[in-house]
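Below you'll find the structures, each written out as structure tokens.
In what comes next, chain A is part of two complexes: it sits with chain B in the first one and with chain C in the second one.
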Partner chain A sequence: MSTTTAERAATPPAEAAPSRVKALLAVPTLGPLGALLLACLYFSFASDRFLTGGNMSLILQQVMVVGTLAVGQSAVILTAGIDLSNGASMAFGSLVMTKLAVSGGVPAWLAILAGIATCAAIGAVNGSLVTLMKLPPFIVTLGMLNIAMALTHITSKEQTVTGLPDLLTKLGDTFPLGQTRVTYGSVLMLVLFAVAWYVLRHTAAGRHLYALGDNPDAVRLAGVNVRRQLIGVYTVAGVLYGIAALLLVARTGVGDPQAGQTDNLDSITAVVLGGISLFGGRGSIVGALYGALLVGVIRNGLQLTGVDSVYQILITGILVILAVGVDQIARRRRK
Partner chain B sequence: MSTETPLSTETALSTEIPRPVLEGRGLVKRYGHVTALDGCDFELLPGEILAVIGDNGAGKSSLIKALSGALIPDSGQLLLDGEPVRFHGPADARRAGIETVYQDLAVAPALDIASNLFLGREIRRKGVFGSVFRLVDKPRMQSDAAKHMADLKIGIRSMGQAVETLSGGQRQGVAVARAAAFARHVVIMDEPTAALGVKETGMVLDLIRRVRDNGLPVVVISHDMPAVFEIADRVHVQRLGRRVAILRPSETDMAEAVAIMTGAAPGNLAAA
Partner chain C sequence: MSSRYMKLTAVAAATAATATMLSACGSGGSSASGASGGSGGSGGKISVGLITKTETNPFFVTMKKGAQAEAAKDGVKLLTAAGAFDGDNAGQVTAVQNMIAAGVKGILITPSDPKAIAPTLDKARQQGIVVIALDTPPDPQNSADALFATDNQAAGKLIGQYAKAAMAGKPAKIATLDLAPGVTVGVLRHNGFLAGFGVAEGDPSIACEADTGGDQAKGQTAMENCLQKAPDINLVYTINEPAAMGAYQALKSAGKEKAVTIVTVDGSCTGINALAGGQFVADSQQYPLKMASLGVQAVVDFAKTGKKPSGYTDTGVTLVAANPVSGVDSKDTTYGQSNCWGS
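Let's turn to the complex of A and B:
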């Protein structure tokens, strides 16, 4: 081949560097953060009790269970999956913990581990069905939602478990921070978000998880064991739901078979409001934290301003549809 | 070595053939009653661009899959640098130094260029950050990626930009750069110019030449006849699961190639 042909079709000029403004707008967590700050701003004018250390701590405490669920949910959704069973799985895990500790004669720490392991096992089953049987995540986890819910009712016999050992409610305890007191559980949630952010952003496994939701064929052809990776994601998400179960127990002080019934949808709401694409591969876990806090702030703020709780649900619903709409429009633009 | 190969009986190109980098002998692959490969031979010589052409159903993709480890032949032999090899999956072929650029499947659009280049082969930080905390070395991957892209004269400045922001030709460039960066023996490209415009096709063809000029032989499967005739050093014509001809673009034309491909004209190789 002659070099003249090579020069004829010379490489086109380098891409113009994207402008600062454009780069800033491309930060996916900017929208959720803006919405969160706007909501805070509004409620701090609407109620003088909103912007107090005590109330902020309360919001964190109200958010910690759904927030922790949202960490696992984010991982699953980033792979282009969805987990409808996480609330029910958490409820079952909390029943396993409390039952074993109270009437099973099992040491509290072992009961906690058993509860977390139960949730991890449920996650592993979900992941295996999705990966090996190639069933849609929506259907698998919908089925698992019912199974976990039924197991909860069977094991609890509709009885709330009370008289828990201290260790199970330890995460509900508080420590002083300036003028206010903060629960250990809300700190744990923030730590989990930080760890998840690190893993997703800065490890090979995290990069693969993003790529998996983006183009699974590319990941497979790059020599990554896609099956193991995907089952791993659902299992780790299960561990997180198990930790959420412990937080739930710590917050309520009992093992409640009725708990967590809408938490699956709340966790999806948080993830979607946080700007993580339901189609996988795009978004930041930090956004999911903003999303969870946004839901928490709206509920708390409307409560403080005396709005009926029905409207809290209404507004959350509208926000979710808006968030998905924005994601969908962004997707079409890229095409 | 030519005494053992079926090639020795052939008239074309039988003289002064250096040892093939990659060679297939009598490859057979059947799917039920369908015979995709029917005793197919193949060889790729050092420093060449070999195009594989053939009509639909001629066994082109089966041949390429066999070479890249995506398919295990029922019988026949594969030799890499003269040594017999067996691939049980694409990972085996990759480990042996054969990289494949798959059509449309190669990249994750939302990830940046460096992440795509090192997908599945991430470099970790040295020390405890890498071994305990599994921290990937982004600055190093970005600078290495920039070097690999520059080796092929792909003019993209930022390795941190998402692949979806690139044009089709540039995306293909990322996939080719990845293959060239990690291949030690062979780069295989499946339809590298499909769905590209004229200018972009020219750009990708230049890339393929640069890969060869940097020392790696390239196998290109393509429907794009003008492209094939522009870049190939030799053309392997596949028909009915076999290689029926080896052509040199300088000694033939597209009409003849198409005639052989469709069976309207006989090939220049004796039936095995």
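Let's turn to the complex of A and C:
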């Protein structure tokens, strides 16, 4: 959470002590956290298999890909941008990794770096087009979505890459934590969220990022190089998508050219459910984690209780609209 | 209390709550591992998982109906899931994992990506769950205990033989509207058709080969493009009925629907009605309901007797044609309608 938003929330002259409701609305992560806890509570009564260490670890593992994408997506959305290309970029990155390692004769660690670098490059191109050519992020990343998807199909020739070296699937392995086996990749996702939270909350770059989404002109006038800052955000987001590509490979054990087709919208869903405003400048990255977990919990819980999976999509849809509604109300109250 | 302070507290509280939730869950881990492989589901009922490629394709909807009916008959609990789109491997992986967590005895699956799903199915089998592939085998095929499916080669061959007889010696200009590169079902039907018709791949009579993804709109586009390439096409093989209907639309727009023979595979009620209405002449009918009900039965048998199903079970294919031709056995549309799926 940035100082900027915190200060703005505190700015309304202290005519009256802010009511508790108002204060709560100013904490955008409380809603998603509440929803997450409520969902957990409900499912732990509905199924005796829900609230177990193994199942919690499973849910974390299942959201690690979308969660990591959501870290990058959050950063872009906080600047009032959007990235529709992250799922396709991830799929391309995962093919670069697996192809190079399996049939390119490249050492696995180098193949991984090449995959992440590919995603970073895609991010840098997105960022450059958005800032230098002043194109809308929606259009730029929509185009990039198609480009990355086509590149994936061209490089893979529609063939799934199998027989991966161990290093590529290492993050899908587990370690014991008490009685539970935890996936390394889920821990990595949580670390990425923690780092992102720290950067956004405690560094100048993080505060600029919030300000960019809020009032780019003011940031420019304050002497910040807005272009470099924005290109940087898209590039770092690209690096995160590259890490998501590695997690995807580790999770499924293959390089899959069909992967990532809905992950762009899934990551946006997580971000929005987490209370981050699509108009930029408002929200906490921790919320995106709650958002991603909420989707995972609902999917897993409904499956355990034997409810048809279509209802998971239905419930997610309703929650997204609710989340945006809450954001709008919070905005109006602050004005 | 400043709102900034409040927010900090809230974040701290939130983090603490998450941590508590996770660690609290951690303590329950032992009971979970103890219960895994147990009788599964609530109330000790046997539970069976069905994972299809999508929720929307009538073929899979029928499969689900068949599984539901059989599950109700046997008094077992059925869990269902599907990918978000055809080819969504990650979604199917998630579904398999959730079903293992739910304690199913067996999983019935139509793999969206036969190669990509294999490692996940191996893991399920290592945990003592019986895995049965329906309609499409995983790659390698031994990642599933058993396969209940149409003989796709035979399905293609039947319509190839019919087409050969129906052309009655007329020189053929063939278009094949296929599935997608490298997908076994599509390759088998395509090769079966060519074998039945008696031509080899690369024969000059094959004027156009295009991919449709088994989709009506893409089938229409593919047919339009094929007609641009070779306007004198007079025989169209299609991977399935949606592709066939798309092809018919394109031919109709070009005013050529009467001069061109379309053959296809599926045998859905919509398709058989279209066949009766003259859109295509021959259709290899397959039986998704049977695949699913046999699958549920096999899992129930396994749960009760410990005997795993194995190998390939042909769920049958029947050639349906409005006009029989000599030398090729076929059933009429009335038979097709009373055995069709997805009404």
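Operating definition for what follows: the second predicted complex is superposed on the first by the 310 of 335 C-alpha atoms of A that agree within 3 Å, B and C clash if a C-alpha of one lies under 4 Å from a C-alpha of the other, contacts with A are read in each partner's own complex, and residues count from 1 in each chain.
Assume contacts are C-beta pairs under 8 Å (C-beta built on N, C-alpha and C of every residue); 3 or more make two chains touch, one makes a residue touch a chain.
These figures come from a predicted structure and were not determined experimentally.
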Which partner does A:Arg282 contact after superposing on A: first (chain B), second (chain C), both, neither?
first
For A:Val65, using the defined touch cut-off, is the partner it touches chain B, chain C, both, or neither? Pick first, second, both or neither.
second
Have a look and say if chain B or chain C is in touch with more residues of chain A.
C
In the overlay, answer first, second, both or neither for which of chain B and chain C A:Leu33 touches.
second
Given the touch rule stated above, what does A:Ile329 touch, chain B (first), chain C (second), both, or neither?
neither
With the two complexes superposed on chain A, say which partner A:Leu304 touches: chain B (first), chain C (second), both, or neither.
second
Just checking: does A:Gln258 make contact with chain B only, chain C only, both, or neither of them? Give me first, second, both or neither.
second
Who does A:Met56 touch here: chain B (first), chain C (second), both, or neither?
second
When the two structures are overlaid on chain A, which partner does A:His208 contact: first (chain B), second (chain C), both, or neither?
first
Dual-contact residues of chain A (chain B, chain C) 1, 6, 9-10, 18
Within the complex, which stretch of chain A touches chain B?
1, 5-6, 8-15, 17-18, 198-199, 202-205, 207-208, 210-211, 214-215, 217-219, 221-224, 281-282, 334
Mind listing the chain C positions that touch chain A in their complex?
1-4, 6-7, 10-11, 14-15, 17-18, 21-22, 24-33, 35-36, 41-42, 47, 55, 77-82, 84-85, 87-90, 93-95, 97-99, 101-103, 112-113, 115-116, 118-120, 180-182
Listed in rising order, chain B residues that touch chain A in their complex are 49, 90-91, 94, 100, 102, 105-111, 115-116, 119-122, 124, 133-136, 138, 153-158, 161, 164-166, 169, 199, 202-203, 205-206, 209-210, 230-231, 233
Please name which positions on chain A make contact with chain C in the complex.
1, 6-7, 9-10, 18, 23, 26-27, 29-30, 33, 37, 40, 47-49, 51-56, 58, 61-62, 65, 157-160, 162, 177-180, 248, 251-254, 256, 258-259, 261-262, 284, 286, 290, 299-300, 303-304, 306, 308-310
